[in-house]
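One structure is given below, encoded as structure tokens.
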Amino acid sequence: MRIGFIGLGNMGLPMASNLVKAGHHLVVFDVVEKLVQALVAQHPTQVSASPNIKSLAQGGDSSSQTNQALDAIITMVPEPQHVRSVYLGDAGVLANLAAACLLIDASTIDPQTAREVAQAAYEKGYSMVDAPVSGGTGGAQAGTLTFMVGGDEAAFEQAKPILQAMGKNIVHCGGNGNGQVAKVANNMLLAISMIGTAEAMSLGVSLGMDPKVLAGVINTSSGRCWSSDVYNPYPGVIDTAPSARGYTGGFGADLMLKDVGLATAAAKSVKQAVPMGALAQQLYQTFSNQGHGGLDFSAIIQMLGKAK
Amino acid sequence: MRIGFIGLGNMGLPMASNLVKAGHHLVVFDVVEKLVQALVAQHPTQVSASPNIKSLAQGGDSSSQTNQALDAIITMVPEPQHVRSVYLGDAGVLANLAAACLLIDASTIDPQTAREVAQAAYEKGYSMVDAPVSGGTGGAQAGTLTFMVGGDEAAFEQAKPILQAMGKNIVHCGGNGNGQVAKVANNMLLAISMIGTAEAMSLGVSLGMDPKVLAGVINTSSGRCWSSDVYNPYPGVIDTAPSARGYTGGFGADLMLKDVGLATAAAKSVKQAVPMGALAQQLYQTFSNQGHGGLDFSAIIQMLGKAK
Amino acid sequence: MRIGFIGLGNMGLPMASNLVKAGHHLVVFDVVEKLVQALVAQHPTQVSASPNIKSLAQGGDSSSQTNQALDAIITMVPEPQHVRSVYLGDAGVLANLAAACLLIDASTIDPQTAREVAQAAYEKGYSMVDAPVSGGTGGAQAGTLTFMVGGDEAAFEQAKPILQAMGKNIVHCGGNGNGQVAKVANNMLLAISMIGTAEAMSLGVSLGMDPKVLAGVINTSSGRCWSSDVYNPYPGVIDTAPSARGYTGGFGADLMLKDVGLATAAAKSVKQAVPMGALAQQLYQTFSNQGHGGLDFSAIIQMLGKAK
Amino acid sequence: MRIGFIGLGNMGLPMASNLVKAGHHLVVFDVVEKLVQALVAQHPTQVSASPNIKSLAQGGDSSSQTNQALDAIITMVPEPQHVRSVYLGDAGVLANLAAACLLIDASTIDPQTAREVAQAAYEKGYSMVDAPVSGGTGGAQAGTLTFMVGGDEAAFEQAKPILQAMGKNIVHCGGNGNGQVAKVANNMLLAISMIGTAEAMSLGVSLGMDPKVLAGVINTSSGRCWSSDVYNPYPGVIDTAPSARGYTGGFGADLMLKDVGLATAAAKSVKQAVPMGALAQQLYQTFSNQGHGGLDFSAIIQMLGKAK
């Protein structure tokens, strides 16, 4: 397939590379030109650069005289306003597509924006899905991401084989925007569970228990959660967790802060009370303000315990 | 074996019945006499009543002229002060035991009291374990409770076969008091996860997702927890959960409130910050104050959502 | 003066009436036509209606053939998007003003939007201030509102005499947007203090103190705050507070919810942690969801205490 | 008068000194002997030491052969268990008093213990008041403390002239224990207001306001509180506040942590929800765990803002 790819950051770059490995041809764009050049240099026969979004949408790239229609465009950008500017407006994707093209936004943004942009796409006759990911940069590199996909059944089925080149778990969450809904709901719960696990583990150890014994009890009891049995924040409990390597790698606290912030804003829009989610957001904001936003999000355990 | 059993409440009564089923002889006491009489009437050959704790500790019961030594005494009472008054003082167990006897306190109390009473027992030469349970009245009746046991290895091994008549999961948590530590740490995390799951499920549904689809995504992602995959608070997701039957049965909100209160008090004693645990306690207190303390603890989902 | 007034809701209507009383001529617009007609009918010689915002900005009204320039335009609308649509766009105020005109937005919105709209006004050569109010409908009717004004010194001095017809306290808070900043910061603190006062009063009374004695101690001690000494939420302490009349009148819980929501969103934008503010928002959301958003915001004391 | 004084710590010592200045004779005891010796050395004619509490209660001191009855005994000790051990038991005050003596406990403890000890005193025929203070070490030295007094009218009137030698504000809060109730209720509200003020000030300044202007607006609006208008945590707003001198002096964060901990424990005992109070406790615990418990409690503003 011939696929446009916009956004070659920490996540986008390895995702694009996996598409290349799967045999697709890519036309790519990023505001940081050297990211584009590096990828083109690595795969000169399969990847070409486009000078801007308008040109990319038209199927054009720097190397060709004639534009060729794209089968799909994938976007992976940081914020809702980037999604808007990429898709909407005179210089955006929607205004410049010439032929049928599946649109896949893999960015993590608010459900409302996702739905507005998808609506605009459908009004112009294009199918679109939101497909935010979980799995971090590790999953992006390994091609083991989970994609939470919002869109109609036909669009989902069309997107699935493309996404499978980048992930192993492709979940249909319902209509447009529901990919984002699933992501923020899941990640808000994750933030809450992680801090809860940090509190429970630290409390138990402070009261005299061995951390591995305590984790063993919790993991076979009603406190069991992904944060306790896969990603335990207490050092020494799980060898493969970031807590075993100084909280490096993994999913950064600042990224978690962003996701919980999306969740509480979405909750406000539908008048849902989320006291635990709101507190998690504030605790991560405090942790980030103390200079630790770059650590894995499980490092928040360090903020709550006694000074060692 | 000949076992003393003190405390025949909602939990104690079915636990005692399971000991009878396993063939043990019981000498029982409760301040509510009719509970005692009912059990004796049901099992006249295996259960006898003792008029008070002193007499029970001496092995005596109403029907016999001579006291026979007890192999073990199990206690299941509501509050730390009850544990103290049962074991300590002139009329208590410790002052009136005549021969070697294993002491098992299955009450849920604070670790500090558990350790003090165990210390008093050891000073008099008696082995003691704290063995709080999880599994609720359902587990007590079915004999499928989990016992979290604190005490030395020898005492644990001695207690294990007795506890197996009442539960299926007997976990050694370390020295005395650690059973209580494991329980409060686990249940604090459970309270947090439950409210977090309630928030995440309600948020996702309010934003347009199908609850079963959302639960499916969470249960295969990083938000997964016992509260989401076994005991989901959103009605209609899990047929066997209390949410499927109007939040009746299960583990009462007021019992959860008690346990989280033990956890935050214990946290204060060791200077551990537990912001999520403290908020969970306050939310359950609010829920209880609104008259819902008798509902299953997952019913707290009703407090946070929009008025229907 | 000849003043345009847009937005004749619960607050706008009495504010406009006070401008009339002060002798000003008004050209008014509201999307609810009957509000406009009622005001015109009441003051036929001083108030005239404009069919839309474009016409109002041009100074026109239904009754005159020729447009007359307005000295000032005051807007009082509910949400940021309304402020944007009133001022910006082809049919908005800025595009249709013909002569120098002072722009006063008295709406309560986020500082960011206030600054963007003011910037647009200045780029077109018009002075603008944001001037959100406190004092509620009572203050609007009595003409005793407080205006928190953001804008340059000259614009503030120009706005002051106009605002004095509607309020008694006109405070210059600094540059554009700072009126909104002062308002959200103050109201977030108010929400926190109110819930804190509710907790402290209820706690003290539950522990055996007379509410008036307790309020007396607090009001002469370090817990003293406006919520305790002017607006005490405990019934019977202050005769003039909403707590003395079933929490009717006053400042609605839903309005407080809106303001705290603006505060936490603004905090997120500048990476300030506001754990207390966020919790206050969630508690007001919960209170509103239980159907009490129309009560005075001090009624939240009812949510936290024991069921009576 | 001849007054016994037990507890010569940071607060007790300057309080005792003020009693000496007022002309009273003191018999003093503290477990730290050098504190006792220093005070005796300073005032050899007015102060004498007692070797233990029993002897002090009997009116005896090291220098005299015969015991003289005490008019009053004042205690100022850290924790409930100290109050119990000073007053109760065979070696305590109550068991060893020979004549009528007014008992004044100025310690800050839980209301429950205060009531139990007062009850024990009354059963032996002695009048007792609880009289916790606010005003800190500065107020203790200057003799400007506030005493919140719980006890019957007669005991209050008897205690008043004695307390006036150490404070300027002597408030009768009702029956025994109510002094403690008033103190914990006030200080919980103070903790909440302080963090709220810290959040509001930091938020406003981050959004572009001048801190003094913002404080000015708040202090004339509904956000006004003691923490904003007397003790503002934002540096540079109030010259006499600890924030103006690096958060030294004042009321230590660890002392505030203790008081809020008493408040939330008391709230649990009467089933009052105190979500804001509980969060304040956790934030102070976190702040203390980060090594800042010795700073003035207004320093918590540093924990929430952006890293500078």
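Just so it is clear, A, B, C and D label the chains in written order, and each chain counts residues from 1 on its own.
The rule we apply is simple: contacts are C-beta pairs under 8 Å (C-beta built on N, C-alpha and C of every residue); 3 or more make two chains touch, one makes a residue touch a chain.
No experiment lies behind these values; they were computed from the predicted model shown.
Participant: Measuring between mean CA coordinates, which chain is farthest from chain C?
Facilitator: B
Participant: Return the chain pair with more inter-chain C-beta contacts, choosing between A-D and A-B.
Facilitator: A-B is joined by more C-beta pairs in contact.
Participant: State, to the nearest whole Å, the distance from the C-alpha centre of chain A to the C-alpha centre of chain D.
Facilitator: The answer is 52 Å.
Participant: When the C-alpha atoms of chain A and chain B are each averaged to a single point, how far apart are the two points in Å?
Facilitator: 41
Participant: Note the residues in chain A that touch 2 or more other chains, in rising order.
Facilitator: 271-275, 279, 283, 286, 289, 303-306
Participant: In their shared complex, at which residues does chain B touch chain A?
Facilitator: Contact set of chain B toward chain A: 111, 134, 146, 148, 169, 171-175, 177-178, 181-182, 184-190, 192-193, 195-197, 199-204, 206-210, 213-214, 216-218, 220-228, 230-231, 263, 266-267, 270-277, 279-280, 283, 303-306.
Participant: Quick check: in the complex, which residue numbers of chain C touch chain B?
Facilitator: Going by the criterion above, the answer is residues 275, 279, 286, 289-291, 303-307.
Participant: Could you pull out which chain D residues touch chain B in their complex?
Facilitator: Per the stated touch rule, the residues are 261, 264-265, 268, 271-275, 278-279, 281-283, 285-286, 288-289.
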